[in-house]
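All chains are identified by letter, namely A, B, C and D, in their written order; residue positions are counted from 1 within each chain.
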Amino acid sequence: MSQAVRVTVWNENLHETMFEEIRAIYPEGIHGCIAGFLKDAGYDVKTATLQEAEHGLTQDVLERTDVLIWWGHMAHHKVEDAVVDRVHQRVLEGMGLIVLHSGHASKIMRKLCGTSSELLRWREAGEKEILWVVDPAHPIAEGLKDRIELSHEEMYGETFIIPKPDDIVFISWFEGGEVFRSGVTYTRGRGKVFYFRPGHESFPTYFNKDVQHVIVNAVRWAAPRAMPQVTLGEIKEPIMPLANPTHNVIAGLHEKID
Amino acid sequence: MSQAVRVTVWNENLHETMFEEIRAIYPEGIHGCIAGFLKDAGYDVKTATLQEAEHGLTQDVLERTDVLIWWGHMAHHKVEDAVVDRVHQRVLEGMGLIVLHSGHASKIMRKLCGTSSELLRWREAGEKEILWVVDPAHPIAEGLKDRIELSHEEMYGETFIIPKPDDIVFISWFEGGEVFRSGVTYTRGRGKVFYFRPGHESFPTYFNKDVQHVIVNAVRWAAPRAMPQVTLGEIKEPIMPLANPTHNVIAGLHEKID
Amino acid sequence: MSQAVRVTVWNENLHETMFEEIRAIYPEGIHGCIAGFLKDAGYDVKTATLQEAEHGLTQDVLERTDVLIWWGHMAHHKVEDAVVDRVHQRVLEGMGLIVLHSGHASKIMRKLCGTSSELLRWREAGEKEILWVVDPAHPIAEGLKDRIELSHEEMYGETFIIPKPDDIVFISWFEGGEVFRSGVTYTRGRGKVFYFRPGHESFPTYFNKDVQHVIVNAVRWAAPRAMPQVTLGEIKEPIMPLANPTHNVIAGLHEKID
Amino acid sequence: MSQAVRVTVWNENLHETMFEEIRAIYPEGIHGCIAGFLKDAGYDVKTATLQEAEHGLTQDVLERTDVLIWWGHMAHHKVEDAVVDRVHQRVLEGMGLIVLHSGHASKIMRKLCGTSSELLRWREAGEKEILWVVDPAHPIAEGLKDRIELSHEEMYGETFIIPKPDDIVFISWFEGGEVFRSGVTYTRGRGKVFYFRPGHESFPTYFNKDVQHVIVNAVRWAAPRAMPQVTLGEIKEPIMPLANPTHNVIAGLHEKID
């Protein structure tokens, strides 16, 4: 591809600004860390945060975004519905979306999945996580070993209440006894969506080379292609003429029933 | 099962009340026709319509509903969001949902699918439709022949912009040149969802014995079972104590960021 | 259902006959144990073993079997190909098949999956296994809690080289660090197939009430239904007559190319 | 990719050599036609036919093949099992496979699918086929319009007895009343498989630019990647030592039961 894929990394950006301990891990913010390794991979990367006007996700920014990365945790309810609707519309049009960690409960993920907030088990105990590749032929697993090991992470456990994924790429093992579908894909409209579990703010997960490798692969996988457009049914001579074709009815009725 | 499955048939109930030609086809309304053959099949059936208070779908009605059937066409925008949210919550809890015909564009279907209104080709020309069974081992196809033929129907054509279905049971052929995934299933939370295409109001489709057979099968398939509940992760001694566990952080922060 | 589902439980029946320690666990054989709890659940149950003529799976036995259960471990290569072909054909016709534990590497499972023998990690260390329900609305999970705990089992770990399952019902956690898709479904022809991981011969796994519950559910789920039959394309007048229609060509050619 | 994907186009090569009418359509054989447009697309292309020693598919040829294309129709039974096994093994290792038209009934396709020969409706009447894109975000649909129209083709109709596809990219409409899942994908081991319906020998289908476009896309999609390899479970100290660990048992037993 002669043109670099354009990525916008969105972050809630609260933990890093409110807590010295988190800032010590991510001095440039989680978005800064992610943007850094994506630039190194050759992508055209920008960032946006909750604090900016329209959370940094104006129509103009989204139209110049091929793949959006989303990290949010404690402030899902602070994201304006109008911005969520705008992101949603862009996904349906073909923009890729990579949702990280607790973004599973974000407004945009729940809107795309059709689910609500009862979602999973969780425990914050700094335990070991091993992500096993279960779909070795998947583009997102390209170049990995058979597993990714993280010494300390927050636990997310099944039952994870999500729609049946298009593909399951990773399943996690946790020291405390749980498993989790940690890398799952969806298609919504023309947009590819990848949910990737790791990345609790208390741990330097996004500095892990394998985690970075997955996100770099996922951006390439999610980038939009030249895609067939839906055409409307041509108006043909009706085979059996109707007294009240719906298109007439609806036109006439909106006055009556509105 | 000793207890009959409890079905509520919901209908927009506008075409039948506004147009004599449609009333001639469905003198008791589309809901009346569907309720009739479901009662004959042994289900415990009630009806509800747009015109009733809360559209007839109060919390109490929904809690006593195992499977909800949805027919709507021209007045999706007249359905109150609060009722849609209530139906949505019940589906996630395990209530079955059967969405008919133009219900594909209803608020509840779009909320469950995560899609918007750009959805499909269509043409109202009274053309022939043949629904081919493509999953003969599926419970919804039990007892059918290899196809269902309808002499006159509205056309819906691909590309149908929907999430990848869990199962595809029927694919339709239309005289004018289109195909359509006409019977598709989803799971959302604990709820089973079946979308079934046929049933334009201008044609006596719900009097067709094969169409009735499919809906009778689908009710049985969608009825909720005793289902595992998600438990929360037990609080264990943290393996690596954290300075700012999120559950403390979130508790403390809501004051600060709200 | 007025007629009980007819189950045949097939077992290799070697460990129990060769080793006193295993016979102490399963004095009536693994097949005897499984047949016992299936009878208690109301099914019409028979058993068959490797040692019988045609391994006890004659054409007649298979034609009177609705659901076949398969346990094999060390002697997959001793199962005659003709019997495997016969079982395969019956699955395609609609007989249900439940493959247990190391049956993943049996000839019949590999024939149905299209895979070979490079399949998974494994370790025999008597470690703890927890099977988490990941599809709570699935009929096979009906009536379970969110997990099944087994104190001691053989480990099977990902990457498990299988076709993408139709449904994933269980994912296992193992004490030693692995995860595994432990309950997966397939459809082949008209036959429903369920693979269920637990059941190493050294442990009394099939005496576990939850494991029994899963197998009882799976038999109900896999039992064949009245299913649509494929019809051949009617011979119509050709729209564009061909010089060499294939059906003529093939008829004529078999002599020439054979 | 700096290195061109290496494609081998395999053809039964009988119709073209036996019938003047078919040779008039494909003077260089179907394989010659397909090899031509794949070379134009920049791939490194070779051909192989049934008539060559080992059907042109020696171990050496297959090891230097990234994607194999398969066209066969009347002589599936003439393909040697040893060659089929070799191709099968290479698919499991990661070689891509594109099966065209009546290759659905080839030995290799049936071996990968786990199905037998009862497969579909068909009719040879030179009727019109329209292939509708049903997954516009799929890499194989990149750059297409919403449909491909072929004036004259053989009809294949549902019910098509295949395993549930990973993805369905195209569904066909036929003038005579049938539909068909015409472009479907599978993964087997590490290999990507694409079945694409069109291409009856009596019609110049492989000269159609859209059909060529699909095959060019499919080669890119099916080409192998650097893929995670499965590792064996490390031998750990058994948590509960067993009297007869299976690895010992099996080692000892093969003498006894063989």
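Assume a contact is a pair of C-beta atoms (placed from the backbone, for glycine too) under 8 Å apart; a residue touches a chain by one contact, two chains touch by 3 or more.
Predicted model, so just to flag it, every value in this text is computed and none were measured.
S.K.: Just to be sure I understand the contacts, which chains border both chain D and chain C?
M.R.: Looking at chain D and chain C together, the chains touching each of them are A, B.
S.K.: From the C-alpha centres, identify the chain that is farthest from chain B.
M.R.: D
S.K.: Roughly how far is chain B from chain D, centre to centre by C-alpha average, rounded to an integer in Å?
M.R.: About 37 Å, centre to centre.
S.K.: Any idea how many Å lie between the Cα centroids of chain A and chain B?
M.R.: The mean C-alpha positions of chain A and chain B differ by 27 Å.
S.K.: Distance between chain B and chain C based on Cα centroids, please, to the nearest Å.
M.R.: That pair's centroid distance is 33 Å.
S.K.: Please output the residue numbers of chain A that touch at least 2 other chains, ranges allowed.
M.R.: 133, 135-136, 146, 157, 159, 164, 167, 178, 187, 189, 228, 230-231
S.K.: What part of chain C is in contact with chain D in the complex they form?
M.R.: Touch list, chain C to chain D: 14-15, 18-19, 21-22, 73-75, 78, 88-89, 92, 111-116, 118, 120-128, 152, 154-155, 157, 159, 161, 163-164, 166, 175-176, 178, 186-189, 200-202, 228, 230-247, 249-250, 253, 256-257.
S.K.: Taking the complex as given, what residues does chain A use to touch chain C?
M.R.: 130, 132-136, 146, 157-160, 164, 167-168, 171-174, 177-179, 181
S.K.: With touch defined as at the start, can you tell me which chain D residues reach chain A in the complex?
M.R.: 94, 133, 135-137, 139, 141-146, 166, 187, 189-192, 224-231
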